[in-house]
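The block underneath contains the structure these notes are about, expressed in structure tokens.
Just so it is clear, A, B and C label the chains in written order, and each chain counts residues from 1 on its own.
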Amino acid sequence: MAPMLRSAKKMRKHLIEQLKSRKVEGARIAKGFKTQEDLISLNLAPQVFLFKNLFSGQVAYSQVPALHQDQIDEQFTRPNWENRKPSRRDDLWRIMCVANFNNYEYAIAAYQGLVDLRRVRDVVQKKEANEMRYKNDEGNIWYSGQYRPIYSQEAVADLNHIIEEFELENTELLWENLWRKGDDKYWSDLVQHDSLPPFNPKYQSAFLDEIREKALAEFQNARDSEITETM
Amino acid sequence: MSINHIKRRYQKDLTKLPKIFRNRVVKQNNMFTLPTFENKLPILPKEEYKTMTQTGYTEGDLVYITKGEHKGTISTIFRYSKEYDGLFLSDIIEKKIIPKDQWFDQQDSFLVDYPKLIPADSVKLAAKDKNDKGEDYYIVAEEVVFKGKYYDDRYKKWLPRRFVKHHEHIEVPWPNPPTEPKAGELSTEGETVFEKTWEFQSLSVPPFPSTIVNELRNPYSKHKARVLTELQARRLNKPTMPLSKEQQIYLAKKQQSETEQPTELTEEVQDFIGERIANHLNSITNPHLKAHLDALSKNTINH
Amino acid sequence: MRRFSTTTIAQARKLRFESLKDIKLRAPILPTHKNFDVSPDHPLWQFFPNGNESLAYRPASELDATSRSWTMSELRHKSFDDLHKLWYVNLKERNILAKEMWLLKSIEQVNMGQYDELDAKLVLNQKRIKQVLLERQTSYERVKTLDTEVKEYLEDFEQQYLNANEQELLEMNDKLVRLQYAIFGIQPTLSDIQEVNEDLVNGIGYVGRLKSQRYVTENPDCGLELPLKGIVEELPFLFKQPSEAVEEVLALREQQTPMLPKPEIFEYLTNVLEDLKASEIEQDQ
């Protein structure tokens, strides 16, 4: 090993200082639950973002086009060898679906519902949830390495569940790949499906921001047109 | 090449191992196989595989077993295994025990009939014929000899005729091939195959565009005799050191001295030498020495 | 069209789960390929034996075990284009087999014997095609060294041509056309000539000399002084009647056109041939 240059040592010292000064836990805008007022004041649209983990296949939900450690802590309780707590590494979380709702109440209800259903599957009705999962020869959840495809399938089912349960009409689901949607028989009139435009995963955060802006603009337009109608 | 060809480089080639190691590897391989499935015959290397004309028989031929348990039986060849140099005969069957998890559908017994692999050494070609009375009788050929060639339409090949050695009036014709060759999915029809689309017509027309010669032929092949051009040879060999002045002088002198050939003696010199010798001889007083010298002078030198 | 509504939602509307224990969980929704269309012409279908309609792999029993490889003698009948096509047909089949073998390896299938056998036959096909083409190439290259033999033959032919009588001349002319192609690669129809190279130049020279010599011996009063000077004077003898050609040469000599220097010969020939082709196209039209 070649001896470290003085400049390299200084850089290293600087980096360690930086790391110690502030613990990086993800996008700060994603920290904490957002009420309707929060969403409006932060210029966020009535959306829910579903991120899939490329490594384990687990799905994380967010009201905001980014993830924070708190959301992971909230959504992945009761970890075990089959359902480990995923890392917050940005490069492993890829957008799976963007759900655009009719209004902020619906959006918040959907987010809350999804998080609740996650709790049900992990904690309250653990056994029932496990029974529905596809198993391998040994009786464990089917895996290839650490990847378990069943989690993303469960997330899609949960999304379907809350839309039907709460009758969230006029939702629009933008899928990263329409393949994930599954058979049409599961989905009703309440939902319109579409696919996300093709994007470079390197610039995912910018891309999702654009999606947010677009949805916000649409929401504003629709609201204005409604207001003019009523008037 | 494909992945399977590459993978073969890492597989143990039993035929290339010395016998001691081979037995060990075979033993290790057979550690978890049932005794009924063990292969008792050694595997032959590819170079030693025998063709139809080398073995003397083929599928459908009658053979006579000369050694072993079934000595004396005549049976038809069901299949020839070139890897083991063994035959599967249609009548020689043995029962093998198969564990339940390897049963095929509709199997209801642990014992299954399997054709027995018979080594080729213990088998000789046989033939059936009818004698005058119309009864069948068999001939067994100790050895087989091939003579002549004819085109066999059943095999679609040129085949030699088989005769029994030392009884060369007895011909054993090749049997009917067991299955008629059928056109498979990838076959080309005969008409299309024989269609001639190329004819050599010109000395100066290349067979394919010259730009792709290097795609068919490796110009850097290490198996070809590498010939250097003069320029390359000069570049690769060290140059000769120019001679220093002293060396040049030395060599010039040496050359000169070499060219200096011995000249004949001049008359003056000859006279001078003669005079001196004569003076010396005349001054000798001893009579014995004189007599000796006289005798010596009469000697002739034989060249 | 989507319509957003911000009107207050009725109080009766439920937007939270009341009791988590009483929720009936739904079975996971499996993704399906029916949600998007894949064109049956997608190039990746070429890795499957039946394209659109095939299964993941063919069982060993479905493979072609009865066909044999092409023999060298059968391949030697085929042109380069045919062999080229055959090579790629083989390659595509081998790709399909390689995909199947890889797939079977991943599901731990051990009996690859049939696939290996078929692959070996296809590899043999490809090797033989390569061998046939290289045979032709080496013989083409070796012929270049047979200078003396070719020269002798050309000299013999010259003698025969010059000494032929009128009846034989027709035959000899036909033979000359074939000889042009056989030795110099000059196509019978001049518009087919693709490449301008040394052989073409030599051939034009030979034909020009031959025909001009014969004409001059037959008509000594024509006024043409041999030898012909350069490609410009030799070329007319290739595609015109000797008498016309001689006229053209005499005309050229009157104009005192200088002899074309060597580096410009190829350019000159390409231009002439292009003009010829253009004029032929016009004639056809």
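To be clear about the criterion, contacts are C-beta pairs under 8 Å (C-beta built on N, C-alpha and C of every residue); 3 or more make two chains touch, one makes a residue touch a chain.
A quick note: this is a predicted structure, and the numbers were derived from the prediction, not measured.
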item: Topology of the chain contact graph, where touching chains are joined (line, ring, star, complete, other); value: line
item: Chain of greatest Cα-centre distance to subunit A; value: B
item: Chain centre separation (subunit A, subunit C; CA means) in Å; value: 56
item: Subunit B-subunit C separation of Cα centroids, rounded to whole Å; value: 38
item: Geometric centre distance via CA averages, subunit B-subunit A, whole Å; value: 69
item: For subunit C, residues contacting two or more additional chains; value: none
item: Interface hub residues of subunit B, defined as touching at least two other chains; value: none
item: Residues of subunit C defined as touching subunit B within the complex; value: 64-67, 70, 74, 76-82, 93-94, 97-98, 101-102, 112, 115-116, 119, 123, 130, 133-134, 136-137, 140, 143, 150, 181-185, 197, 199
item: Subunit C-facing residues of subunit B, complex; value: 1-5, 181-188, 193-198, 200-208, 213, 216-217
item: Subunit A-facing residues of subunit C, complex; value: 2-6, 9, 13-17, 20-21, 23, 25-36
item: Interface residues, subunit A side, partner subunit C - complex; value: 102-103, 105-106, 109, 112-113, 116-117, 119-121, 124-125, 128-129, 132-134, 150, 153-154, 156-158, 160-161, 165-167, 170, 172, 178-183, 186, 192, 218-219, 222-223, 226
